[in-house]
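Two complexes come next, and they have one chain in common, chain A, joined by chain B in the first and chain C in the second.
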Partner chain A sequence: MKPAAISAPLRSRSEVALRSIVVCFLIVFFAVFYLLPVIAVFIGSFFQWNPLKNQMIYLGLDNWVKLLHSELFWRAVGNTFLFAAVATFFRIVLGLALSNALFSKLIKHKSVYRVLYYIPTITPLVAVTFVWKFIFAPRIGLLNQMLGTNINWLFDGKYAMAAILILTIWKDFGYAVIMLLGGLYSRPEECYESAEVDGASAWQRFRYLTLPLLKPTILFVVITSLISYFQTYIPVLVLTQGGPGTQTYLASYLIYEEAFSKYNFGYASALSFVLFLMIAVLTGVSFKISGKGDSL
Partner chain B sequence: MKVKNHGLFILTLAIMSGLTACGAAPADTPEQSAQSGQTEPDGETQSQPADVNESAEAALPIMGDVIQYDPNQPVNDGNDIDIEFWYWTGAANLFQSLADQYQAVHPNVHITLVENPYDDYWTKLPLALQGTDGPAIFNVHNSQHDNLIGYLAPYDIPAEDLEAEFVGASGHEIDGKIYYTDYGLMTATMYYNVDMWEAAGLTEADIPKTWDEFREVAKKLTIRDENGHLVQAGFSYNGGIQGDVLGMQYQYGQNLFTEDNKVTLNNDAMKSVIQRLQDMYHIDGVCDYNFGNNSGDNFGQGTVAMYLGWGFMTNVLEQNFPETHFACFEIPTPTADVPYAYHRYNGESTFGVNKNAPADQQTVAQDIIRFFLANDEIQKEFCLANAVFPAKTSLQNDNDLLAIPSISVLADHIDRYIWPGTIPSTVEDNVKIMLEDVFYNGKDITAALSDAEQTINEDLANLDFTSQEPMYKYASEALQ
Partner chain C sequence: MKQKATSALLNMILIVCSVLTIMPLVWMFCSSFKTNIEINSLAQNFFPQNATVQNYTDVLRKFDFLRYFFNSLVYSLLITVITVYTSTLAGFVLSKYRFKGRDLLFSMILMTMMVPGVVTIIPRYSMMQLLGWLDSYRALILPSVFTPFGIFMMRQACASVPNELLEAARVDGANEFFVFHRIVLPLLHNSIVSISIFQFLWAWDDYLWPYLMIRSDNKQLLSIALNMFSGRYSTDYAGLFAATAIAIIPVIIFYIIFQKRFIAGISASAVKG
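And then the complex of A and B:
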């Protein structure tokens, strides 16, 4: 059954006109800022393309062949999947844990915690990444001081990706907390009262009531997180520049390097289109798995 | 109006005295001005400011030797004109000074300085140059040669004149024309902390000439605590030495590029360079890879005794670490013999003129270029500000410039520094990856060099790059 608001009849010609204008505006906006760039990128992937010197030489499938045979590309794709999966997992787990803790009646000064958790999310990414660069510094960095270690977090291949993940999770978990907290506040309390009457334990209430009720919100956070993490490059740019060697290359950083360091926009376009397809497929799969795509 | 004229008069006199102080100005006196075809003041008294101002302007001496600038010639027929001059951040005072000095001579020219962040500059500028309303004149970095050359108008100064006065100008010649050249040459020198040097009992006589001597000195400058933990590194290259590695192979006579403009990294010279760097850490123990991630900053902070840095490091140290007492010596070489080249240099470029700008703006831009190139005082100002060795031959013995340690150590052998050309970014990017793979990921040197060489040459195949190594004065001495 469709919501009543959608099936409400139009009231006047002016309302029809206004709606048409708004819809047209959105279509034009979408076409100019989303659809055309995607088409341009796809076309550009068949060229040796450098808009900075007005160069566009047809290459056929060369960029695509190069991409498929590039060891760096596949490493970047692997790193991107790993990065997105781990960051999303911790974002959700931390978000669930802290939102449930904040929802508890035992916690006081909830607003303070909400603000504290959300502050990293609204701080400028570049600025905090530079701060974390100092935190990760060997010998004098805060993290090593706290742990009593001398790990070169950003230049040791074993830890460099972990360092980027730590920053990302710290920066982003607050968003999940707020989103999931919103989901918790909108849950039907009568279900919980019934469950308590039936003798359900706290874990059972969480497992069989809270999680299913939060599923649409979790799915939303998962999808937006994956889309966001597939496009991550700023922490890499500031912290490691893809290093040591190529250990922390992510797909978006590779695209950035090809486009804005080597001015190889054609190859960068091929990479971008692959990334676009990966995100599209992943989003589709997420909807499929949830089976409730339209609830979002 | 009268007040304005008085101000202009004082400003003009100030510029005159500045220009007169410049040793290269050939027409210092009215007599000399007359010899060079300048109009003498017409005898009007200096008690009439407005008229005297015109007289004083007419008496401005011609600047320069081979490339000359006559400040008495009107620009744009004396009509008002506005032009934009773009540059990247970090040198606002320098460009303001240039604009002020030029506008003082030509008050009808109104220069609007437009500053952009460095990274944004290289996307905004080429796009702006595609239209007709881009900047008439702009700062150039030769690493962006490929993107910019299509928008540049050639200088209206004959190439032979530029080559007569500016070292390395011939390397910028394209079909007999020069679109920009270098006003300063920057390269790497070894910075050392004088206090640490003295504390280790070292003297001037210990300044190393060879890498073997250098390693011994570095060991003496290294301090560890009772647990063996590094307290003071004798020498550090943490955080990136790719720019220097790309110059060190020349010391063995090995060029960086082949005759067909492909890069050559997987060779004995480069292997020796990297092996030596690695041995300094692993065998000599003068530093380790966890001892900070920015050896330049660590040098300034006083935890590193020696650091291989480019000329700009002089200003970085003076501005950010004023308490660090440092000096410089020339980069060591494999043997005591004079090498094929001590290192590579890169030029600080002169400005570009936008060929798509309106003709009148281009004319003014060309005039500013000539003003800049002929004027030794401004040349010196730019070289001092960037701590670069002057490309202009008339300044190469200038005492003020030679007082800068990173410049003075180059003076004896500046002709033994090679310019490979405008090296595309893929070279340095992939050498950085290669070095990190070797130093941090334990990759075999030969395999790392081979991979880097292959990747770079794949990228170079799509670029219009020509090595300038054959133009080097001693090119015939290179390994074949």
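And then the complex of A and C:
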């Protein structure tokens, strides 16, 4: 008998059976529903592809040339970066501020706040976006009533993106609060006590103890936020359809529009592949930065 | 003295944020009892002046609301049960068994989380078209049988199950199917509750895929029906608010009932993540 076989753990027949079934299903499933589609999207980007007419004509690089020269595409990419950066920033800042406030010993009824902050996150996005459409209404909308303004949030180029950001931040900050609070509860209290004895100010304790301790959680929230914000399209679809002009076109909404209202599957495939690459690079970069930046 | 000031300041921040957080939902709920005239009038009141349940009865009568609601409920529950089971099973196999290629398989699954939904949806649509499965629930459910996020969460959770416990059962002659169903599943109740809420919510909220797959009116889901509602009766905000309230309230109730376990579940995954 080979030594490797001796050191391997004893496997029962039922373990081999269960393992084989699960692994086979996983491989088949992820190959069919993820790997195959990514390959198909890449191949499809070289065709004029219309599923309604059952049309597939080879175009070579035409879709890619069109994409690189499309003003709308670059606009959407720029908007997507802006949207993802601002939304992620506010999610983390609000998450850090509120989780630290909630963690304080001076606060009572913590569970009530926790439940309240998380409610927007668990409400269905499509339904809630319709409500916000009315909240953003000029003159009679709730937001204008509260601020005492008369802003046409969704049709004024200066405010449309802000409106989509407000909705997104409102919906998502609670997730960051809960995650970061989870991180705070696992921190070692001795460090804080000795820091306090040594005369460290509240800010110093936050900067040099809390932030480094929360780093893995912050990183996790940043990466998952960026990935999901790069794919946002529902608020755009319901609130502005990319307008006014091209102010609120986001990459995923552009893909949605090309694919399912114009049925340009080929061009939409090229766009999709670019979005996929952007997310892959972005995730890679986030990991790289976090690996180096121990000072965070 | 200083402590009192800090405490007051912190409490105020938390209260203001809470009010801002639930205000839109409370406002929607109040508005669902207003008439359309009151909603569109220039003199706005937060609370309805002449509260009426007319909107709710109208929605249920004019619009096949209960059917959409029921369709969404069945679809969401089905998806939740399937994915929670498959995620836990896959998580168990990927964390407790050692075999060649395990870590490679797991990292491949993680990488699929980066594939945007809109990217895979085009080929999946063509796939279902080729299979002739358009307008059927199996086309709706099949692509969600496994979810990378669920597998990721449940693998984390399974890692916390002590090996000694599993070994003890094995020594007593339990096979792996028994070990999984009778020992691992019951131990993971917190994580199962939190992942169930996530999955239920996502399914309840699913928009693009059901919108593309389902054509017949009698199979339609609530999230798409809400969209039709706003188009078909575009000025009927009162009706829309009532419909939205009915769509949101079950989820909130579900969440409030299970919130303790839910928060324990997500925090547990956060610490290790």
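Simple rule for what comes next: the second predicted complex is superposed on the first by the 270 of 296 C-alpha atoms of A that agree within 3 Å, B and C clash if a C-alpha of one lies under 4 Å from a C-alpha of the other, contacts with A are read in each partner's own complex, and residues count from 1 in each chain.
The rule is short, and it goes like this: contacts are C-beta pairs under 8 Å (C-beta built on N, C-alpha and C of every residue); 3 or more make two chains touch, one makes a residue touch a chain.
Since the model is a prediction, treat every value here as computed from it, not as a measurement.
*Asks:* With the two complexes superposed on chain A, say which partner A:P244 touches: chain B (first), chain C (second), both, or neither.
*Replies:* Only chain B; A:P244 stays clear of chain C.
*Asks:* Could you look at A:F90 and tell me whether it touches chain B, chain C, both or neither (first, second, both, neither)?
*Replies:* Touch partners of A:F90: none, neither chain B nor chain C.
*Asks:* Of the partners chain B and chain C, which touch A:R139 in the superposed model: first, second, both, neither?
*Replies:* Both partners.
*Asks:* Of the partners chain B and chain C, which touch A:F155 in the superposed model: first, second, both, neither?
*Replies:* In the superposition, A:F155 contacts chain B only.
*Asks:* Going by the contact rule set out at the top, does A:Y229 touch chain B (first), chain C (second), both, or neither?
*Replies:* neither
*Asks:* Pick one for A:P124: touches chain B only (first), chain C only (second), both, or neither.
*Replies:* The answer is second: A:P124 touches chain C but not chain B.
*Asks:* Given the touch rule stated above, what does A:F47 touch, chain B (first), chain C (second), both, or neither?
*Replies:* Touch partners of A:F47: none, neither chain B nor chain C.
*Asks:* Quick check for you: in the superposed arrangement, does A:F73 touch first (chain B), second (chain C), both or neither?
*Replies:* neither
*Asks:* A:F260 contacts which: chain B (first), chain C (second), both, neither?
*Replies:* Both: A:F260 reaches chain B and chain C.
*Asks:* Looking at chain A, does chain C or chain B touch more of its residues?
*Replies:* C
*Asks:* Using the superposition described at the top, list the residues of chain A that contact chain B and also contact chain C.
*Replies:* Residues 51, 139-140, 260, which sit in both footprints.
*Asks:* Given the complex with chain C, which residues does chain A contribute to the contact?
*Replies:* 8-9, 12, 14-15, 17-19, 22-23, 25-27, 29-30, 32-34, 36-38, 40-41, 44, 51, 94, 97-98, 101-102, 104, 106-107, 111, 113-120, 122-128, 130-132, 134-135, 139-140, 142, 145, 170, 174, 178-183, 185-186, 216-217, 220, 227, 230-231, 233-234, 238, 252, 255-256, 259-260, 265, 268-269, 272-273, 275-276, 279-280, 283
*Asks:* Considering the complex alone, what residue numbers of chain B touch chain A?
*Replies:* That would be residues 119, 122-123, 126-127, 130, 146-147, 150, 289-293, 424-426, 429, 432-433, 436-437, 439-441, 443, 458-459, 462 of chain B.
*Asks:* So in the complex, which bits of chain C are touching chain A?
*Replies:* The contact residues of chain C facing chain A are 3, 6-7, 10-11, 13-14, 17-18, 20-25, 27-28, 31, 39-42, 44, 86, 89-90, 93, 97-99, 105, 108-109, 112-127, 129, 143, 145-146, 170, 175-177, 180, 197, 201, 204-205, 207-208, 212, 223, 226-227, 230, 237, 240-241, 244, 247-248, 251-252, 255-256, 259-260, 263, 266-268, 270-271, 273.
*Asks:* Which residues of chain A touch chain B once you look at their complex with the stated criterion?
*Replies:* Those in contact with chain B are residues 48, 50-54, 66, 137-140, 150-152, 154-157, 241-247, 257, 260-264.
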